[in-house]
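As written, the chain order gives the labels A, B, C and D, with residue 1 at the start of each chain.
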């Protein structure tokens, strides 16, 4: 019974982690950007979605939330990341630290701005389906089931997009060899725009689902970024399947700790595992050297 | 100890499945200069890194003045008496030239915070010797390229190493500077150092070296005096190929009118190094033009300038309109498609996926017919259709790269060094495919090659690129007589 | 005594003294520094209520002829920022006292500075026992600090008293599980819970503390359910929205009562999309319930001015500005020692009850006195978007009512 | 006089003298703000030694600061040793912690090194909450002793501390070790080929950085009288340190101190904006990074180099 509970409870949270991390890792894989404003963008989706839901209803509100995240992602790219990448004054080998610092500052601006406008109280979006269902004796909120399903549907769609469409193939090719892609007449700029679009939508969906499942506020921004970062590193930077695996490892490890050890220690084993992975296998679980 | 300062034996290095260095051995005595030559990808730079400990050898021995140092960390090998001059270096920007040289003489200690007093005088002396006396107190970013190279040389010898390794000593230097550098390196001989010069070809180092060792595909192919090596049949085949045939179609150029591609006075600077100087050439519709030149002459730079991948000065016109201001991708879509020497395949993707990406902009029907045609042209590709590109052999990868470029239906195909690192039997297949291409289609090709035998049979016209400039232009049939002798 | 705070200075201070003070300091207002957390609902209430209090006092002619001037600061929920704001208030803006913060960490960081700079300091929202214990330990040094809200121990006591009346007497409940975030302010809270819940008639089956960064409460609720208690008694402040929403979504069949700081804010219903329905929490006061004569006028004026209801800190801060200003008025000078001496004599009927402070011999020196006739706090329940007061019984305006998924009858079984 | 004005050292001395005279001019509050900014200056300088010179992006300066701060605070509360002994012990523990972190972490490159240092901070933060009995948990801990209760004295201690640390760190950066570090940061292979044990020097740099960070953390605790996650460990502090260093000019040691002072003082000057002051300060810092990526001092120096 306990094992079943752990299995079911860990699944939804892991799926949500996976959704949050996939966009982050895709962005890194394709454009080499570690976006430290990730948590802020996720929270923007949640807050705007919540505010819009009270006017437009839950469905439209969620949609507005996702669009808000998309807008925030574009703003991050055009106002912060691209100017840094193109600045002639920043040496190439230091672009990385500048992107990190720049997105971090941007994250603070979003966090403070959002806290000023919305207060730092966490908000929740009304679940799309209310009520509970009984899964082999475990009482599970219907919303939780739906979120797990939705996460996997979105991840599946992403897989189809990347593997079955031309634009998706180009995206994958850019992750492997951007120069080769330029030689074939692809504009890297539009590839980057595409990946930021996908990223924005994924972060947005993660944001509104998070708000509907657990509730989220501006104080969670740092934690959200850190957890996406660690999951992605654990899975192997740039490896989408690695991130999925790592998300489930972290999700279940946390749930197991909360159930079997103590709720106070919830985040600790995952952090220790992360350190271990980084030391023993720096390329991550499924990453290639 | 037998007077040999550097002794290398049985050196092996693998990178994954690729054998980069295979059983290389040589020795250099005090006061001797050895040239290590080989085309790009031959493994010569890897040998240098193995000696310096930057890469660890899989097998073999490296002895410095009798001490076995193979497998040591770099800094210990350096302390054992090996100095290296890198081709590219990153000096300390906030420190002066003098301080940069002094850096090389600091003790490797956490407790000695200040340099020993004699260091200052010695740094000045070395700076003077390499010709930096005038610029001692300038900062590196303000120095001309040659002075930066001098500074690197000064750093390498500051510690008075017994063995000096120099990577491409003359790349990017003007003739006068080459002379000054040669004199400097020659002076190491009288100082009793063992010197290893690593370069693409014998020509660059012929005046300086006592002996030359030639490598190809990781293997030792010839050794001896510069003249011996230049005359060696294997070396000549690697660099020049075999006997030269030509099948020029001069009538194509004679038609006159506006050329398809017109390059006028193009120059390229890499930082401070002149990679291309005032180069002009043209290619007419349906022509097959070859640009021959040794590695490092500037072929790749020229092609990258045409394709908009590196900034250049001068004028490049495509179908009469200037290319300036168009992105590299737009140029590619406009019909100039490059198949680069590095191939730039998508390693994790299958052969078919690579090809499909090349034909992305075609209609499905067009793409299918193009694919069928290429599969016929390169019969090995359909057999490898589902395999990941990185698992292919070098020759197969090259064919895939060419096929992928052709998928774009280019107006002008730029082929950069397609023979790079390929075995002779593969060259033949490739050559056959090119002949077929030239015979059955009206495609325009600009080929860059070091291997003259490979380049000439297909060519309608030939340019010779040497030291960043075009030095000869004409009918392939006249090449052997007019330019062939001075080529290698 | 409809306006006690206007009459009292005239009663306690001599007329001559008053006149003198009025003449000497007529132009100089009583400056009070107020440090809040503008991003947090509870923290923002502090500065808003303080501003209102000053305006109300000034509208009635000020205190002892002096206007009250409130200078507000934002500490961004950070102790370091709080200390800096405190220093600024003292050295730059020359205030006579500082009212600050609902976060214990910030209050504890300011406390030593209040001692060093000899600046009267009242925290109107923090709960940690340490604040007043420190004053007790080294009175001469720390006497400048006052705790203007109930300490954790008394909050727990208030909850025990309320739940005794509501759950044990009312619903015959017998068992409880304590669920609190692992934070320093909950340590004394839980200690007191362990002590007073059994006394109130609720046997404690388990005591679960969880990481304050927790977002997924499913395992915790499951663990609690496994013990099959009649009620969950909470001690939460960092979290609030999340456990509440998950409690509703997972339809945890056990009522949740206790201290949930986020639940005391007026926006909680909207933040949780109504998941708050049925949640019971302790607070300082509730809108529409007259703890004293001033409670309702204050609440209504606040709602009119700011558009939302005050948090518990709103009530306590509104009172604090009054009794601090009056103490300054009685002291007849800005001298901190005299102000502290007068503060200790505070006997002020505020919006949350009669306010008095424990003396230097009590272990909770300078903390609010708890008890009937003084300050007890209230216990209310969210019902259909409204805060319905349940306890104390004489102030109640509704009955305990749980959402359908909560099973209260199994206590009777 | 003219000669003093021509040399950078003269300028620095003049500035220090002017700064030392401030207690006779400005209020205790401004002194308090500056005092904090001086300790932050030391944090930023210590970070720059690691990033600007050794080329390692350390996301965990507050791991080192926190170790120093909490060790000192706990020792003061439990052992009642003199402040200086506690501070020194804090610095020592921070150095040991730095060594433990650096030895394995320096094998890693780029984002991996950054992540491990980041995780170190998160773990320390968790440990503080878990061991709330000694550390006071998330509400922090009051220490029994403080440096001084006089604002001017505190200010002079802070100023002197920053000046001494600055001189030591700057001297170190200009010493043989600094040059070697800089060379390894720019091109580790070339530095090794010149005969320098790059790893040894980087570990040493980490330890020095840890020593100064830990000491400054301990001093800050004894100035503020409290140690809490919020004041010495939180990621917000990390962000502030990194921004200060980049803002002031990485690779200059003194620039980061200037950046830290500007950041703290700027945030305070904008306090009337209320909540939004952090927003404005971040926006300004972002603009500086975008338009003057060399930072303030770096920009000035670079112009000097071009001449």
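Please note the rule applied: contacts are C-beta pairs under 8 Å (C-beta built on N, C-alpha and C of every residue); 3 or more make two chains touch, one makes a residue touch a chain.
Since we're looking at a predicted model, the values are computed, not measured.
Undergrad: Compute the shortest path length in steps from subunit B to subunit C over the network of touching chains.
TA: 2
Undergrad: When contacts are scored as defined above, which chain pair ends up with more C-beta pairs, B-D or A-C?
TA: Counting C-beta pairs in contact, A-C comes out ahead.
Undergrad: Please identify the chain with the largest separation between its CA centroid and the CA centroid of subunit D.
TA: B
Undergrad: Find the geometric centre of each of subunit B and subunit D from their Cα atoms only, then give the gap between the two centres in Å, rounded to an integer.
TA: Roughly 46 Å, centre to centre.
Undergrad: Just give me the whole-number Å value for how far the CA centre of subunit C lies from that of subunit D.
TA: 38
Undergrad: When the C-alpha atoms of subunit A and subunit D are each averaged to a single point, how far apart are the two points in Å?
TA: Taking the average C-alpha coordinate of subunit A and of subunit D, the gap between them is 32 Å.
Undergrad: By the touch rule stated above, which residues of subunit B touch at least two different other chains?
TA: Within subunit B, no residue contacts more than one other chain.
Undergrad: Can you list every residue of subunit A that touches 2 or more other chains, as numbers and ranges?
TA: Counting only residues that touch two or more other chains, subunit A contributes 112, 115-116, 264-265, 267.
Undergrad: Touching two or more other chains, which residues of subunit C qualify?
TA: Residues 38-39, 182, 211.
Undergrad: Can you identify all of the chain pairs that touch?
TA: Here the touching pairs of chains are A-B, A-C, A-D, B-D, C-D.
Undergrad: Which residues of subunit B touch subunit A in the complex?
TA: Answer in residue numbers: 307, 309, 327-330, 332-333, 337-340, 344-349, 353, 356-358, 360-361, 404-405, 408.
Undergrad: What residues on subunit A touch subunit C, complex-wise?
TA: Interface residues on the subunit A side: 5-6, 9, 13, 54, 112, 115-116, 119-127, 130-132, 139-141, 143-144, 213-218, 220, 223, 254-255, 258-259, 262-267.
Undergrad: Over in the complex, which subunit D residues touch subunit A? Could you list them?
TA: Contact set of subunit D toward subunit A: 51, 57, 104, 107-112, 114-116, 118-119, 122-123, 126, 129-130, 235-236, 239, 242-243, 246, 275-276, 278-279, 282-283, 285-286, 289-290, 292-294.
Undergrad: Residue numbers of subunit C touching subunit D in their complex, please.
TA: Touching subunit D: residues 38-39, 72-74, 76, 78-80, 83-85, 87-88, 90-92, 103-105, 108-109, 111-113, 116-117, 128, 130, 134, 182-185, 187, 211-212 of subunit C.
Undergrad: Quick check on the complex: what are the subunit A residues that touch subunit B?
TA: 166, 169-170, 172-173, 176-177, 179-189
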